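Heads up, the thing below is written out as structure tokens.
Chains: A, B, C, D and E, in written order; residue numbering restarts at 1 for each.
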């Protein structure tokens, strides 16, 4: 039942050190890691998503765009089973991850969530010290040597460009950080677990341009090793970093649905659907 | 002591109906509404702002930009005395609003906050119904006729482009709205009070491009009637809407300070300070 | 900090109320002092810790055995009730299926209202003979601790439960998204976030344990002696007052009020140490 | 319904031993005197004495004779109560001599074996300091409380009975009437004869039982009016059935 | 992982232990108390010192004492809690002083409360042995419980609400009434339940204040015997009173159950109307 691989230190160290910035959009190996088939989602009686089908490719960055309330967050929530936590949320359709049925009730959800990390729109640092925020999930997943924890903490904080800002006050509360610092801390915390997939729900919306740039670079460096699904309202950003893009829309004030999905270049430069064309051209970034 | 003007319905109705979109940056009458002189702010012993002096001009839009943690939020908090709510926060320097000393301990703070509204980075809808979210502060300020409340609610929800999305479920909880919807609700709630000044702390960072556009238009339409101070990480947006811009920076990991302040055009096109130049050109929007 | 008129009026009202609660404490202290004055005036304070024994009728006023009995029984009960109470709250918040959680919470609420006489009565009839079989006389420090534990457990459980209920849902979701196990979430995030509520609950419970009278009186044995083992019979300060007050006159009566004062002093010291120990790093 | 203003109130405070009896007498008194309310409060003999002296109560209740420094008050005995040594029913010991009891209470005898019983340690149950039962017991056996080596100290009668019921090796002393009643109701206790005289209500009544105490009503001065009526009523044979229902012994009159 | 399994096991075990002991206690009370329970027992006055007859007047007195205690303590407690959490800095001298004195108050033995209540309410204020004296004494007793729980509840309310309300120019009182108190409602309720429980369970303090008289009270100034005092008297002072002591304990628990249920459903309705959760 337990699908978490045992943590071995070499794997850890190896992959915290990310490679240099990769060239850009054109992708990698088009092997679908997550397959979503005919996904429909209801909150109580209100439908939020209808018949969404798409593939998330391994090692690639997939951007999801669309207006507010079209179900992007809901879609992400299905992928790591956060929907389990919302009462009255019903999901139907098929979702496969690595060939395994994601909606299997017998699935080890914790293992899954370790493999598929998530960053929220509103940063959620725990009311603990900065250090404990990062160490807590690591310890939970079996890493307990303090030296190792220290190393990882430093590495991931450096990755998100927070190390220099907080290294002197690792023991102070994470809640006293500014909004942007909080969000970077949350990203660092998720990276520390070395997930296979990272779901990011508008990770940069709370960041200033500089840290936003840092995070964007970071995401680009994740490419290849990690699979990233990112929801963003910043179309320019989506265009810069994504390999694939999906465009969601709300039909008739009802449920959200996927209008178009494809290579990022195609979606932004040669959209098939007129709604997509209007959205990517008409809106100000 | 009480500086709140008695609410009269005509004023209300008159000004909820905003005028058409105005041309753009070049400004209006350069009469300073808020004067900040040598402002310094400490959290416990940590300095957050040092020697900031600037004028906020009446009827204009002032954008504040700068990296995360440089004290933009702290600066806004001084202007409507939200700093009162933070224990161990010490402010020194002079701040005048409409000629009155803003830091006067005897000032009617509630009246001030009604005059100077604030929108936060994280949307904070109250755990009440959508309707109650807007009505609650209005009732608190003495408006209690239901018909009037209904009118105002509809007008402000239309202003933020939320009316069509929620008109059928005004009685349901505001917490069930999507992130973007929540933020627009918060803006509507603040507009309902008809403040003279609106402080906005990254109001669009949680919004999709369409609603971000709606809010941006809204802000532009506020120009002239209202005075707006907006913190934004979206430089393109700042450039599009602001009359004046201020650039904050953190010196030596210590306190934030104002590097440059001036006409928006000047800041973006002919910055005096090299840090400003690097920031406005170097960062990706 | 400047406030509106409504707030200032409210504040005045609130101040009045808070003052009233402080006045009550003061009144009780004054009352105790007045009542114990006849003996305090004549007997040097030191004698309350140096006398040979507690035989107030014969002018012997040794209080330390009862002080330590109170201390031991309170400590024991708090040490037992804290993990059990926290576990109860965690159980009903995070482990039990909703139906069972409701039932369990109701059970605990009921227990909070069972009179201490009933606990004492039950302890005397059921628990003491069982323990007496292990080691006579049965009524003992151990029995006292167990009965006190039962009595304060609901206090701990209910306050911790309320504190856990107030942990923001965002933390729970954030923890879940990091793949934290249920226990990881509870021990790493929920309990630390509820920390100040938990400490308040424990302090409340400890207060109840120190002040508990009828229950311990029935099951602790009431012999004035330094307990050498858990099976020794002991007398707490409260039991001392309840046992003898009804028949005490003159200096004997005053000496009993001194044990009341000693108790309050002890609470004061305990509260002080708790404050030092748990000096909170508040995250907000 | 009678007019409220006509109602006269009589307040009794004091001994918890007498309180149930006084309350029953009060009820009967009320039924004979319309417009009279008898309020009985407990709080112990000393409270009865001090309240009577301070005038807080019309009548005090004390389950003992007045002490020397209380002789400024007046006492009226309403009933008698004997004190009996009790053991657990399972204990084979049937009688103890005065010296044996003294030795047990002073810790010289620590095992039942030494008095012909099982090989088990004795659990000595004593009363709390100040209680009139204790004083009487000590006085009878010529003991001082400082010499007594108790294992358990109890407050009220029923606590003593329950302690002995729950502990087969315990020895204690309680009110004869209640002990006799509890034993007859199947409680696992037995009453030991004292100096060869069986502990029974009968023997307390005929004054042959050596260990007994008076249950007194106490007043500050010569009672008048309602208090006088009540004290006379409580001392009259009209309440003998109530006294017996509480397992006390009426004073022979 | 194993830690999680272990914790799960341990928590279930502890919960089972706790409920096991309590079910044992409750079933003891049930077995011994149920046979005597009847409508007559609930309605009639006690006879023969409580060995026979019922407990009607005693139930009435108990409820009246409880009412007095809660009506006095709840507003006072809530007000103090609000002052401490909303208008006082956590580490201010005043706040510490009040908090510490409350902790001390929580540790005062009930019998001392009884003697104090007797001296202050009964004698000094001239209320005599009465339901009012008893209720007021209990109010002093439950005050620390109400204050501490309410304060914790308020402190746990999201700070964002305070900031947002302040930014809208709402007075603190409005934020309190509309946002903070509702979000602290579970804690307020828990405190109230604890307080009611403690008040219902109190014996020693009531013997000296509300008294021993088992007649039906005509007014709040009459003495009235509380259930717990009755139970104490029957079990410790009246030979042959055990059976009715058990029944009275059973009635007390049932009363508590009913009060809790009513309070809970009221609170739920209130919360529902305010749409606190999604």
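As a working rule, a residue touches a chain if its C-beta (ideal position, glycine included) is under 8 Å from a C-beta of that chain, and two chains touch if they have at least 3 such contacts.
The structure displayed is predicted, hence computed values, not measured ones.
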Chains in contact with chain A and with chain E: which ones? B, C
Of all other chains, the one whose Cα centre sits farthest from chain B: D
Per the definition of touch at the top, where is the C-beta contact count highest among chain pairs? C-E
Measure off the straight-line distance from the CA centroid of chain B to the CA centroid of chain C, and report it in whole Å. 50
Roughly how far is chain C from chain D, going centre to centre by Cα mean, in whole Å? 34
When the centre of a chain is set as the mean of its C-alpha atoms, what distance in Å lies between chain B and chain D? 81
Residue ranges of chain B touching at least 2 other chains are 84, 110-111, 122, 176
Multi-partner residues of chain E (each touching 2 or more other chains): 1, 90, 171, 174, 183, 235-236
Can you list every residue of chain C that touches 2 or more other chains, as numbers and ranges? 3-4, 181, 184, 218, 242, 245, 284
Residues of chain C that touch chain A when the two form their complex: 170-181, 184, 188-189, 192-193, 281, 283-284
Provide the residue numbers of chain A that touch chain B in the complex, in ascending order. 43, 65-69, 73, 121-122, 164-165, 176-181, 184, 202, 205-213, 216, 233-237, 240, 253, 279, 283-285
Counting only contacts in the complex, chain A reaches chain C at residues 80, 82, 85, 110-115, 117-118, 120, 122, 124, 126-128, 132, 136-137, 139-141, 173-176, 186, 189-190, 193
Chain D partner contacts - residues on chain C that touch it in the complex: 53-58, 60, 124-125, 128-129, 132, 136-139, 217-218, 221-224, 233, 235, 242-250, 252-253
Under the definition above, what is the set of chain E residues touching chain B in their complex? 89-90, 160-171, 174, 178-179, 182-183, 274-278
